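Each in structure tokens, the structures are laid out below.
You will see two complexes here that share subunit A, one where it goes with subunit B and one where it goes with subunit C.
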Partner chain A sequence: MKVQSGAKTAWIRRAALLLLPLAALAWSLAAGSLELSWSELAALLLQGPGDGIEQTILWRIRLPRALLAALVGAALSLSGTSFQAVLRNPLADPYLLGVSGGAALGAVAAISLGFTAALVPPLAAFIGALTALALVYLVARAHSCSTHTLILSGVMVGSLAAALLLFLLWRAPSDATRQAVFWLAGNLSLATPGWLAWGWIWVGSGFLLLWACAPQLDLLTQGEESAADLGLNVARTRLLVFTLAGALTACAVALAGLVGFVGLVIPHICRLLWGPGHRLLIPLSALFGGCFLMIADAIARSVYAPAEIPVGVVTALLGAPFFLYLLRHKGDGL
Partner chain B sequence: MIAVSNLAFSFGPKAVFSALNLTVRRGEILSLLGPNGCGKSTLLRLLRGNLRANGGQITWAGIPVSEIPAAIMARKVAVVPQGMQASFPFKVKELVAMGRYPHRKNLLSFADREDQRVIRRALAMTDIIGLAERPVTRLSGGELQRVLLARALAQEAETLFLDEATSHLDIDHRLELSELLVRLNRELGTTIVQVSHDLDLAAAMSQRILLLNGQGEIAAEGAPGAVMTAENLRRVFRVDVKVEENPYTGAPQIHPLLSGVVPRLETAKIHLICGGGSGTTLLRRLHLAAAELSAGPLNEGDSDEVLATALGIPLVRELPFSPYSPTALEETAAMVDRAEILIIATQWWGAGNLACLELAETALKKGKTVYLLGTERGRDYTDGDAEKKIAILRGLGARSVENEELLLERLGRKAL
Partner chain C sequence: MARLLLFSLLLFLLVPCPAGSTEFTDAVGRRIELDAPPQRIISLAPAVTETLYAIGLGAKIVAATQYCTWPEEARQLPRVGEYADPGLENILLFRPDLVIASADMNRPALVERLTELGIPVYVVYPRNINDALATIRALGELGGNSTAAEKLAEDIEVRLARLAAKLAGQNKPGVLGTVMLDPLTVAGPETFVSDIISRAGGRNLVPPGPSRYPAWNDESLLTTDPDVIIVTNHPGQPDPTLYFKRWPQLRAVQAGRIIEINADWIHRPGPLMILGIETLARALHPELDIEVPK
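Showing the complex of A and B:
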């Protein structure tokens, strides 16, 4: 009985791994205000880019958007996985260390100062996120970056940024405010193709570097002293992972605002399904996170088409029940 | 191999070591023994380089420990910690594989085929092959200790540090793993430094023993037979023991004398005059042993007052930092009247508490037994008045006792 169920789950896992990215991409391309049937979609894909309305929508709007969703989902999920390992805290998410606050503050500051050109808010968000991260690190370094100090200083930098942000929103004229709030809620519709390419390069390198740190991440989950006993230079590794994960979050925030839930829960789901070893966990959480956000975005675009629901609503509505289900059935693996 | 000279270390304001010197020789089994909180585990972490000393030097083969890179250090020494809180559900075999990290050749994985052999052997030697697929979050304390030992074995280091690594094990595994350690030492020449609470086992397996006292100083050092004497153990652990030679192994074997003073005092009614921590041991031990114990006068907030209150011992209280008032002294006199034995443990005499000695004089005249605890080394801030009084008390038959243990022993004999 046990062998059978083990074989069954292994089969399900393998099949899901193969089909999930393709299915998610297809769904994401087909869904939206202009609904495409599967055969139409296949035909359009075979035709390649062109000038027809449907071709334009597919190749110039939906494909970049699907790729953006995949990118942001992968970045957040990778970042969450790394933070949870480094901080040994299941509640750690990409936004824990003040990155979100810093990014939001950067973007809103740029908008309220009148720099509303398409390029500026993402860039400002990126700089804001990295600044917050550097600040957290400088504070925590005084105590050799113990996890508690990192978390506490992250929360404090985040609160500081949130306070400044509220102040800016209160002072700024109303349309700028609305734009900022809209941006903060997480939005996948602002991507421009040039940004997307840079984003893929950025996230791709971050992924490879983190993957190369997989054994070190495993050791960090064992606690500082154990990791050091096993030969890890804990302070240096922690700083490296911390920087990589922070840079991934900053990139995700710059491209799509604050998309919630993905970075917290996808790593847990992957850990429940595939165990805590980072050699598998890093690539699988990137894959799973990317697919998850593509699907969530497809749903967000099609439920009230032509209107869009914020994608964060969908990620939580989809992810939370699934997570609760896993928790109930395999909860001891957490 | 490891040399420690003039080591100084403190946790914040609390000095753990002030000038410690020791060497660990290549290929020996050295046990660090001593009471709780004396710094045994801290010493191990300092030797490993996980804590940085405030002063002095620790060298491995002549190289300061702080200058040895992490990866090289992990090939020199493997550590078996007291335990760990497993929060990520790695399988046992995965956790043990982490021990191969310092020998890793491949970027992504811990273990190649050669490593797998080492891992299997480590699992076998610690009797956990059956647990290999189990998540470490679902192990008992003893199982986890064996897993951590297996991880250290997989590290194949020339030195093993064990921090009470067998404390949660059942007796069969404890003996088995001790044998394993001895065998590693004999066959591979592995140097073993262990912190232990199991005096017998440490005596049986060690070539050398380092006995630390509560102040982080070396109380005794040398072969088990020379270190594990009743006298040394009494000095360090404050217990009475009898040391015999184990008839099978020849190792010293320690028998705590549980039938000591505790059960024999049941009929004694005792009043204790103390203060400033001079009564700490007596308050606790007499509270357990005596039929009736009272204390005082004590200033509120004095450590002895806090302890006596916590133990629920009837006592006479005085305001903080105040001389004892006539009322307090009267109440005390009444308590002393009810007691049969008066113990004076106070070590510092000033104008404020001198009157207690008069209470003692009255008690002696009424035929009660009075003990003076270690007053020879007491401090007199009364221009010799206290000393004169104490001399008078002696003349009247007060008995001087050097320390608490001797006093308890005498009280026990008297009660019999």
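Showing the complex of A and C:
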């Protein structure tokens, strides 16, 4: 009898999991400066795109933005999950390894040099992120990519980028500084729908490749020696996952600036809720990360509407207490 | 202990007040004493520089910020740097007998440091048009030229009253005052620009909020759908016309009412603000034929 009710709750949980993205999307579409009731939202969705202000807002602003939030949240959460597994360090997040520093430096350099056309800062951020990643890797490769070397060289590359960034901000005129700060705080209103399609392809392939690596990730979390004993090429796997996760971060940062906290905390939350197996953890953390950022962005847009607060503020304000609660009640699952 | 106190009290009483010294209280309640009208003034705010020139005290300015660009002579002044960090040593090297700072732009720590170093600092804090008029008068007294300051302030008041009479009973178009386009930053109700808008016969559509200059997204822009959008020209910012053309649904775009105004006229609480108000009023109410003197 008890077993049966256990199976029943498992089904409810799975159903809830399927409903979560729909609920997050619906909320994200309804919230903002223009308040829409559920019935108005449904009517507008049935009407399809059009030239009216409500239709424009729903189809050309909110929908792309919700999809972008889902994409960025999923990418950050996925790369956090992978970094934490491959570095066997609970503090690892997409930004630890200098990737964010490189991205920020790239974007701010573009802005402060006056290249502010819509496409340039994201592209510069992407290039900056990949450059930082390559630098970290080149240093760490000399020591067969040991986790310590990776982390330390990542932190150093990050510090170097931060120093250059402060210098650029110091010498930039105040307009450019505000633009840069806005970008650094994370913002989902900047990306255009054209970028969105490329982003989905990029993140989608990253997701599939990482998912394919799930068994290797499980082995790596058990410890390098046992993984090597079981025939895993540890250095090569680490490099592969490291590159994939870094590329996902670069994409997320290029599309939305530095959205903090998602990549650190969502993987932990998922691990506490569903255990450490990566075959389940990878899709679930992508799903959960995407929904989390959609909701956080909906809140960021509507709390002080028509003004918008930085989404990074909301992610941390929501995520940290929830994580502390889980930590208190579920304890040592990390 | 009591004796010591008494002694220091006596000592304090004995220190002579310099003959003819005048005490002033600035806009943030600090007191300063000047022995004579200042001869070597450093201005740390463009509006202050403009006012000093307009009331005939321009010759007394020894240095100003790099943003002090009006009148033409002000561009020739030695620079002490930016608002946020004008460089203490730089200021001292000019041996000023008065520094005029702005509570809005300069850091309180800088004011403290300068005061400690024995330099009188007068802080202005104009938040609206009436404050700005009071500041003009205060600067006149401070610099020993209150007649000219009074005349300037009165002249502005007369023009404001004439405009108000013309605008009485007119409808008030909804206005969005933008400060920057990338990121879209707008002037909230607690700003100087907001007062400019209302004096020019418009209605600022930005509601009160936690930030005086909030960042807006496209959705807020479309939902608010202003009658008129004010833009200012900045280097490094997107072309305003192209920026708003992305949303042809906007009333202001359809009616061609994206109005560009010289940023210095609507952001600086100085003598040029009246030009900003009149220019804006003329654009908001084309039917009234409002004159803007050259």
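Basically, the second predicted complex is superposed on the first by the 322 of 334 C-alpha atoms of A that agree within 3 Å, B and C clash if a C-alpha of one lies under 4 Å from a C-alpha of the other, contacts with A are read in each partner's own complex, and residues count from 1 in each chain.
As a convention for this text, a contact is a pair of C-beta atoms (placed from the backbone, for glycine too) under 8 Å apart; a residue touches a chain by one contact, two chains touch by 3 or more.
Please read all numbers here as calculations on a predicted model, not as lab measurements.
Peer 1: Consider subunit A as the common anchor and indicate whether subunit B and subunit C clash or fit when overlaid.
Peer 2: These partners fit in the superposed model.
Peer 1: In the overlay, answer first, second, both or neither for which of subunit B and subunit C A:Gly223 touches.
Peer 2: first
Peer 1: Could you tell me if A:Pro306 is touching subunit B, subunit C, both of them or neither one (first, second, both, neither)?
Peer 2: Only subunit C is touched by A:Pro306; subunit B is not.
Peer 1: Look at A:Pro276 in the shared chain and tell me whether it touches subunit B only, subunit C only, both, or neither; answer first, second, both or neither.
Peer 2: After superposition on chain A, A:Pro276 lies in contact with subunit B alone.
Peer 1: On the A-aligned overlay, A:Ala212 touches which partner chain: subunit B = first, subunit C = second, or both, or neither?
Peer 2: A:Ala212 sits against subunit B, while subunit C stays out of touch.
Peer 1: Taking the superposition as given, does A:Gly32 touch the first partner, subunit B, the second, subunit C, both, or neither?
Peer 2: The answer is second: A:Gly32 touches subunit C but not subunit B.
Peer 1: So in the superposed three-chain picture, is A:Asn233 touching just subunit B, just subunit C, both, or none of them (first/second/both/neither)?
Peer 2: In the superposition, A:Asn233 contacts subunit B only.
Peer 1: For A:Thr147, using the defined touch cut-off, is the partner it touches subunit B, subunit C, both, or neither? Pick first, second, both or neither.
Peer 2: A:Thr147 contacts neither subunit B nor subunit C.
Peer 1: What does the superposition give for the shortest Cα distance from subunit B to subunit C, in Å?
Peer 2: 42
Peer 1: Which subunit A residues qualify as touching subunit C in the complex?
Peer 2: 32-34, 51-53, 56-57, 61-62, 114, 116, 173, 175-176, 178-179, 182, 187, 189, 301, 304-308
Peer 1: Which bits of subunit A are touching subunit B when the two form their complex?
Peer 2: Subunit A residues touching subunit B: 85, 88, 90, 211-212, 214-215, 218-219, 221-223, 225-226, 228-234, 271, 275-277, 279, 332-334.
Peer 1: Which residues of subunit C touch subunit A in the complex?
Peer 2: 180, 182-183, 185, 206-207, 209-211, 214-220, 222-225, 234-238, 247, 249
Peer 1: Within their complex, state which residues of subunit B touch subunit A.
Peer 2: Going by the criterion above, the answer is residues 45, 48, 50, 69-75, 78-79, 81, 84-85, 87-91, 94-95, 98-99, 101-102, 104, 107-110, 135, 137-138, 151, 155.
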